[in-house]
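These are the structures, in structure tokens.
Next come two complexes built around subunit A: one with subunit B, the other with subunit C.
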Partner chain A sequence: MENKTLDGLTEIFRKVFAEPGLVLTERMSSRDVEKWDSLAHLIMIKEVETYFHISFKIRELASIQNVGDLICVVDSKLKDQSNNH
Partner chain B sequence: MNSYTIRRATIQDIPFLVETIIEAEKSGSERLSYATIFGLSIQETNDCLQKILQEEIDGCELSLSSFLVAERHGEIAAAVGAWLEGEEGVSSTSMKGSLLACTLPLEVIKRASTISNIIGELHIEVARGVLQIGLVYVSPDHRGNNLTQQLIKAQIERSKSKMDTLTEVHVQVFGNNLPAIRVYEKCGFKKIGEVECSTDAILDYLPGRSKILMKLGV
Partner chain C sequence: MGTMSFRNLIINPIVEFIESESQQHAFCIDNRFFTYKQFGEVISKIRNKIKATASGQQYIGLITNDDIETYASIFAIWMEGKAYIPLHGLQPVSRSLEIISQVNLGVVFDSAGKANFKGVSVVNTGTLENAPNNFSDLIDFSENELAYILFTSGTTGKPKGVAINRNNIASFVASFWATGIVLDEQDKCLQCFDLTFDVSVQSYLIPLLKGACVYTIPTEKIKYSYVFTLLEDHQLTFGSMAPSMLRFLKPYFDEIRVPSMKYCILTAEASPMDLIAAWHHCIPNAEVYDFYGPTEGTIYCTYYKVDFEKGIKSYNGLLSIGKPMDGFEAVIVDDHNRVLEKGQKGELCIAGKQLTPGYWKNEEKNSESFFQLNYNNIATRFYHTGDLCYIDVEGDLMYSGRIDNQAKIQGYRVELGEIEGHARSFLEGKNAIAIPFIGASGNTEIGLIIESPDMDRLTVDNYLRLKLPPYMIPTTYKFITEFPINTSGKIDRNKLKDALL
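Now for the complex of A and B:
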């Protein structure tokens, strides 16, 4: 797990779900966070895009089951970006 | 009454499904969450929903594959959306949020983020492995023909053919939508839970202050 990605996601999740002490785990999903409804999810996705300067495609998001999957997709997009520069 | 054909929705049915989503979201009121939460006009809401349905992403209330429609003489009369929660591995909550995230512009999402705490008070966790009835709509000219019951029954049969261990069907409905609650009760659903928002401010955005969870054993 990339520490920078996890740190960034932790910051975003704490802000979006208004839980300052939230600790992310790879297996965590919307079923584990009480305030994780569809509106909070879409806000979180946009925050992730803004924070990491990336843009998701719907097919990428449709396969994300938990925080671990989100980290993988973010890392993969950051790697693609750095290879292209 | 029995001359209706029930079938899976196709891309050609998207205009009726957009009408279904808009009317079901309003839940008997004049408040459309896409307008009140995101500030979209009816045309923008229409365009956004058309785009989302065309994505053909399965497993949530905005999935084309979730819908069955009732048709008579080439006219679509009603639609009911339903999905087996978790069948795609991803929760319907996340799926719907992702579809909206990829469709809505950033500025409208920023607007929504200021009120997400209030909206979140009416969130009811969607149970895994349960058939979820999502958006339901019968065109005014076709009401009184038991189309909702027929479509829900067809959705249950469709799901049982995929998962013969299915034992529960759930539906969430705004507490103030008494006509819908009566229809679900007529189908055999019983109330098993309720959440209520702590503030009347919710009524600026959503059709009701409370949400009821109903269950049908199958």
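Now for the complex of A and C:
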């Protein structure tokens, strides 16, 4: 797990889900966070895209079941980006 | 029982598919398939439980989980001549308690076994003993018995119950098939609505009547991306959706292609024309319909089949809601319930067999919402929909927002939908909601909330000034990245109003 990814996601999650003390774990999902509904999810995804300068495909979004999946997708997109440059 | 009875149109076809013992799938829930035979076995064990412990209860609360037991409970309840009252597992307990108290519920079915309401016995339908299929003992019930009561938000803050009887549902099924939509055992159908909202009834019931398979959305899944997975991976053929959900999917439209889709119904709220035109590229082979109906009219009352070649009929950028379904009468009336001519705008009122017998124990609301009208020389019971419409020269209904979506500004009657329509067209499909509020001067003013990150309000303002008279120009603008959605999948105007004030 890239620490930078986790740090960035923690910052975004705390802001979007309005939980300043939230500590992310790989298995954490929408079941565990009260305000994590479809709308908040969409806002969170947009924040992640802006923060990391990436853009998701909907198939990638559909594969995300928990925080661990999200980290994997973000890391793989960041890796693709650095390979392309 | 007549041929158009609940027994003939709803119960018998499903029992036939169950008893055929075919390996045809009835449900796909969280990637797990259930055959009609398996579905029947779950219905059978729940029927046994009802007979043993709930035979004296006419109304049964149902916690709306996403599993086979919850769907089977609905049919078991119907087969025993009873009605279900859906209770959302995620809604505040106080709201569930209010509903339980209004209906005086004595029993609640919960497949997760977690429900806990004081004085109410909870049946855990997830842990019942298996039972073989047995439908030889089915009996007929009066068509006037209720099938469900759905609670919608009331203006007083107290939820109000809309009671729907067996005849209402049988009439709905008959009028739905009369639209010409044809399904069979090969069809794969989307059910993406909450069971507390009545479009869910169309979404699970219509496919099961033809031996098709119903694909549901697990409660904890993110709805729009899960819907995408179902549409693409399972190549669904039929689905009803709210425009709000399509708006979530819109940034990804160029990645979505579902050539298998035969019929797509837009419903639950007004459909923006440009959104639907863009969506059509994702479902190139589908017939697209806009269905309209308040819960009081049993799911749908009117529909419009979109003809992309001939041109989409719209008003203020919103799709026409078309003509009444079979068995419905629709009139436009003025403030004194006088019927208006074609082209004149007024309140849409509807009559027909699908109309609810009334609100649950709410005489005041019943006398307010229903009225007798001499229609074609017959005294007919009509319902005030609260929707503003006119009928065009071809007899199609054009939707113009809610009656209460009007404001009096400087003495002028202003339709907020008109302001919203111009704003949307300038903003190339971005959503805009106009909200009246009392300004600093004490006069009513208009605020415009735009679903977008901050942008230059002057460009919008300048455009609106080209299109609208000065009294219709918003005095304040607000930008919100994503509009809030309520449990029925509609934009939550109340929350937006709070955000403005």
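Heads up, the rule we're going with is that the second predicted complex is superposed on the first by the 85 of 85 C-alpha atoms of A that agree within 3 Å, B and C clash if a C-alpha of one lies under 4 Å from a C-alpha of the other, contacts with A are read in each partner's own complex, and residues count from 1 in each chain.
Here is the rule we use: contacts are C-beta pairs under 8 Å (C-beta built on N, C-alpha and C of every residue); 3 or more make two chains touch, one makes a residue touch a chain.
Here the structure is a predicted model, which means the values were calculated and not measured.
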> Thinking of the overlay built on chain A, is A:Ser30 touched by subunit B (first), by subunit C (second), by both, or by neither?
Replying inline: both
>> Touch test for A:Leu61: subunit B only (first), subunit C only (second), both, or neither?
In response: both
>> Quick one: is A:Ala18 in contact with subunit B, with subunit C, with both, or with neither? Answer first, second, both or neither.
In response: first
>> With both complexes overlaid on chain A, does A:His85 touch subunit B (first), subunit C (second), both or neither?
In response: neither
> Looking at the overlay, does A:His53 come into contact with subunit B only (first), subunit C only (second), both, or neither?
Replying inline: neither
> Touching subunit B and also subunit C: which subunit A residues?
Replying inline: 29-31, 38-39, 41-43, 46, 57-58, 61-62, 64
>> Under the stated contact criterion, what part of subunit C meets subunit A in this complex?
In response: 220-226, 228-229, 232, 248-249, 252, 255-256, 481-482, 484-485
>> Using the touch definition from the top, list the residues of subunit A that touch subunit B in their complex.
In response: 16, 18, 29-31, 34-46, 50, 56-58, 61-65
> Once bound in the complex, which stretches of subunit B touch subunit A?
Replying inline: 37, 55, 57, 88-91, 93-102, 104, 106, 109-110, 112-113, 116-117, 119-120, 123, 125, 128
> subunit C touches which residues of subunit A in the complex?
Replying inline: 29-31, 38-39, 41-43, 46, 57-59, 61-62, 64
